[in-house]
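The following pair of complexes shares a single chain, chain A, combined with chain B in the former and chain C in the latter.
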Partner chain A sequence: MRQKVAWLLLAPNLGLLFFAMLGPLALLARISLKGYESGHGIVETWQLSNYSKFLFDPFYREVLWGTLLLGAEVTVVCLVLGFPLAHALSQSRGWKRSTLYFCILMPLLTSTVVRTFGWMILLANNGFINRTLTALHFIHAPLRLMYNRTGVVIALAEVLLPFMVLALDTALLNISTSIYEAARNLGASSVRIFLRITLPLSLPGIVSGCVLVFTGALSAFVTPTLIAGARVKVMSTLIYQQAMMLLDWPFGAAVAFIMLVTILLLFGASMRLSEQRREA
Partner chain B sequence: MKRALWLLNGLVLLYLLAPIIVVIATSFGTTAYPVFPPQGFTLKWFVNFWSTPELRESLRISAAISTTSTTLATVIGTFSALALARTRLRGKTVLSAVLLSPILFPAIVLALALLIAFQRVGLAQTFPGLVLAHVLLTTPFVVRLVMASAAEFDPSLEEAAQNLGAGWWRIFARITLPLILPGILAGAVFAFIMSFDELVVTLLLSGPALQTLPIRIFNYVQYSSDPTISAISTCLIVAWLIVGIPAYARLMSVRHQGGA
Partner chain C sequence: MQASGLKQWTRTASLLAALVVALIAGAKAQTELVVTNYGGTFEDGWRKAVVEPFEKAHPDIRVKLVQKLVFESIALMRAQKDDVKVDVFMMDEVGAAEAVSEGLAQPVSVKTVRHLTELYPEFRVPDDAFCKFMYVAAVIAYNTQQVKPAPQSYKDFWGPKYDGRIAINNLDSATGLSFFLMLLKAEGGNLDNSEPAFAAMKKLKPGILTFPAQHAQLAQLFTQGDIVMAPWVSDRVVGLASKGVPIAWTIPKEGGIMQEGGLVIARGTKHLEAALKFVDFALSAEAQAANAKYTFLSPTNSKAVLDADTAKRIPNGPQIIKLLTRPDWRKVNEHRAQWIDRWNREITR
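Coming up: the complex of A and B.
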């Protein structure tokens, strides 16, 4: 095919990206530099006050910090629970692998709203978890699992766990079995094999899985809204509240850009990290 | 040690599947609000879903948006994938990264950007506006899946046909299209599911007249608890399992090849 044909085929998609992504993002950037007066709406001046408001007000800094902390907690939970599962998945063959794979894909195919709804039923004060623990006499008063961070971490880690498992599975499958055989023949214990071979060689998968889960947790909107309501404010719910309830689009846009920059920095850092490892 | 690991993995799997099990189970319970484990057995919540006019209307709106946007995304994405996979274009890596970029942005950021832009041109709270947003969000999946199919097959097949005197249309219809069809179908299925389940962007762009099914569920569960929501969810889970598993398995194998 000639070049001209190729560009003709690409034209609709590039047009789509230009009009429905690049243009809107440029407008978002522009509006984040505008002022806002309640009652009057957007004020046509150029200013950086939306950004300084976010960065110098302890309340908003707390929201950013809380979101990053939530992301870190969810990532740790996913890594700790996902590694053994991914290891088992990468080691199994035939119907066992298919069954495990199916169990991990099924949550991915179920929408986040539906899965979060399931967690609401489980985590409520008179929900399954609290009733079971009370019946077993482990607790006397119900644990508060809804409308706080604990509940959000439990549900969000479940929502994002499949991404971690699949990323780790890819990395673990890339480790050649002959390395394991060689180590075993040389008399290495299974703990030593895990620490000296499995862990270092699966590091690219760990990094990409963690980046996927961390960015997913940072941008999560549905799960924090439904599990925590207004009690736990994260970046995405702050953007929604500013833009849709207070109608302060300039400030909402500024928060959106701060979130975008945070995520891009994370992507950049993880790419630097994996490049350095490749050179080493 | 080995037994302990299997036990741990079993518990992790249970954690992973717990909300799905709960949602399906509660859709058959007789109590007026979802209780797990469910009591009794009834199908009345499924009947309720089907006989509530506003829920049926939402189902219709969701289906209309998804069908329209999937058709457009499949055509646009297939064109792009063909251009990238079957031609010697310079800067291919950059181009494919650009085409896949919409899935990198947090949904809430794109949603606000689209709302601000669409408000200016009168597309906010309209059907075409929602379709356009969904096309943007789903096209990358079609591009990725079709590109993988197109990269798999041997270009000498097309050259042979050309040497035998076949025109470009004949080559496309008789050789290229049949070979990339599995990728196109998987991409379309994927785009449909993604579009049908999309909530954040739709929430900001849809007005009161365009309440899709996910928005309806989102609003219901915030303020009330009704097993009808479990019934709707069960329908969606079953439907996506049937059509989605083959498409997903394909996407994962694509990702695996890309990672190797």
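Coming up: the complex of A and C.
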């Protein structure tokens, strides 16, 4: 009986998932197996050549690898910046916590496009940062903060940081304070407490935060396009170029699928990892 | 007291009048024509210059504007082939050529679109498969304070003078493609031999600050002063200059590329008559002159009379048209995917 109710409650979500996600994905899968001839549009044949075109070409593999690397870099930056922030957030109470919470959430209230243009103003060669540093005679030539990967990592880390902090905050709040008290009573140093208690017990939060940030970074489109231009190639810009600018939907769909499968594999692996750690 | 009573009365009367109008309109069953446009500031100007006067002239037709970029439009045309929901598409020559070759466009004729006869003859397309309502010139945009004298040639991008302070739009955009075609011409290549253009690009590559994809990026780059020169299009340059940025356009000695805007009626539209009326209206001299004033797009109608200020700022008239070449877009489209692939691997990598 209870199980039935649970399924009933899931129904709207499952329905939405089916119509808005699985249905279109099935269509996408179908298109990815078609051919394309420029000037004639989609050719009604069944073939795997779109996939082999991607997988056997070092250039496209380089784009995939570069995208994964970018995702990893953004995730590491978010984790390093986010952990202390989440720790402070989980330790604070009352109005301090509310204020901090609001500050962390605030960037999410502005659209990514606007925030990215903000970063352009800051990071450009004649931008705020470079002008200030030059005026203070710290540098003579502008630092290359934009039009490359560095800029994309900076901007994406800022865009995605709230997801990391919120995931970590939840995990850190779940750790009972009595555990810390017990550890301290037994004479553990703060470093030891952090390494033996805080870190392992917040691992589920770390994993979910990393998954959120990593997938967000992989699928980001606006930020890499605006900050870096065409020099930094990621999967999302490749898909856009193929599907929208060259109208080669079949190849674009195949690239999208390859990215989806890669994300699912990584996602599955990280879930396995955190499950194993929990059991151990 | 009396004044407010009068106000009350006028308000009631106007409400009643509105109701009556609405009822009559309802009885006449207004046709809703769905028309795409490029959105943003373009939409504001287009609405003022064309849509509103059109609706005034044809009270039985209501125009619904939706925002679609060229390639989104093609995608939509393909998808709606069997049940047309969007009647008229605004797209560039490249997109329109694609739509025509895929059989998605409804051809028109001088009988149904009378203003076609007023266009400069070079703006008529074979079989009048679609209608060109405007053009812009692919030009060199430059910072008027830092680039002196004004650039004379596409070759001015090469050399140490502006090293690291130029941007070249990515080849998958219309601006990037136009530059590439002019480069082919300047370097002595042709559509079947793109080698000279790629060789020149490889030399230029280290001096290029970035390869933008969007007009907004170029606007930002010029405004902030990160670049001083870039290939761009006339209407965007004039738009940015009107905001006070020290920027101007020039057509170098090799000439420029003409980028045309077309209105394509979707084949199988349920409102063919209204669509034809709309396209005809957009081609009229008055609508084009008004549109030029608000959106900086140059008129294709030879009878359009621009006000003095607009005429000075935007490319117009038969002389300018002669400086602009129009490549064989169909042939360009055949090569485009290959070029972009090579560009991805050798130029922007």
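Miscellaneous remarks
The rule we apply is simple: the second predicted complex is superposed on the first by the 258 of 280 C-alpha atoms of A that agree within 3 Å, B and C clash if a C-alpha of one lies under 4 Å from a C-alpha of the other, contacts with A are read in each partner's own complex, and residues count from 1 in each chain.
Definition applied: a residue touches a chain if its C-beta (ideal position, glycine included) is under 8 Å from a C-beta of that chain, and two chains touch if they have at least 3 such contacts.
Keep in mind that what you see is a predicted model, and the values were worked out from it rather than measured.
Partners chain B and chain C, once the complexes are superposed on chain A, run into each other and clash.
Comparing chain B with chain C, the partner in contact with more residues of chain A is B. Judged by the touch definition given at the top, the superposed model places A:A72 against neither chain B nor chain C.
When both complexes are overlaid on chain A, the residue A:L226 reaches chain B and chain C alike. Contact with neither chain B nor chain C is seen for A:I175 once the two complexes are overlaid on the shared chain.
Of the two partner chains, chain B is the only one touched by A:L17; chain C is not.
Shared-chain residue A:L133: touches no atom of chain B or chain C.
With both structures placed on the common chain, the touch criterion links A:L246 to chain C but leaves chain B unconnected. In the overlay built on the shared chain, the residue A:R115 is in contact with chain B alone; chain C does not reach it.
By the touch criterion stated above, A:S38 is placed in contact with chain C alone, chain B being left untouched.
After overlaying the two complexes on the shared chain, residue contacts for A:V207 are found with neither chain B nor chain C.
Mapped onto the common chain A, chain C and chain B collide along 61-69, the only clashing stretch among 61-69, 151-159 or 169-177.
Residues 117, 120-121, 127, 225-226, 229, 244, 249 of chain A lie in contact with chain B in one complex and with chain C in the other. Residues 71-72, 74-75, 78, 98, 101-102, 167, 170, 172-173, 209-214, 216-217, 220-221, 224-226, 330, 333-334, 336-337, 340, 344-345, 348-349 of chain C are the ones that touch chain A when the two sit in their complex.
For chain A in complex with chain C, the residues that touch the partner chain are 38-42, 59, 117, 120-121, 124-127, 146-147, 225-226, 228-231, 233, 241, 244-249. Those residues of chain A whose C-beta lies close enough to touch chain B in the complex are 1-3, 5-7, 9-10, 12-13, 16-17, 20-21, 23-25, 27-28, 31, 81-82, 84-85, 88, 100-122, 127-128, 155, 158, 161-162, 166, 170-171, 173-174, 190, 215, 218-219, 221-222, 225-226, 229, 236, 239-240, 243-244, 249, 252-253, 256-257, 259-260, 263, 267.
Listed in rising order, the residues of chain B touching chain A in the complex are 1, 5-6, 8-9, 12-13, 15-23, 26, 34-37, 75-77, 79-80, 82-84, 86-87, 89, 95, 98-99, 101-102, 104-110, 112-118, 120, 132-133, 135-136, 139, 143, 193, 197, 199-200, 204, 214, 217-218, 221-222, 225, 229-230, 233, 236-237, 240-241, 244-245, 248-249, 252, 255-256, 259-260.
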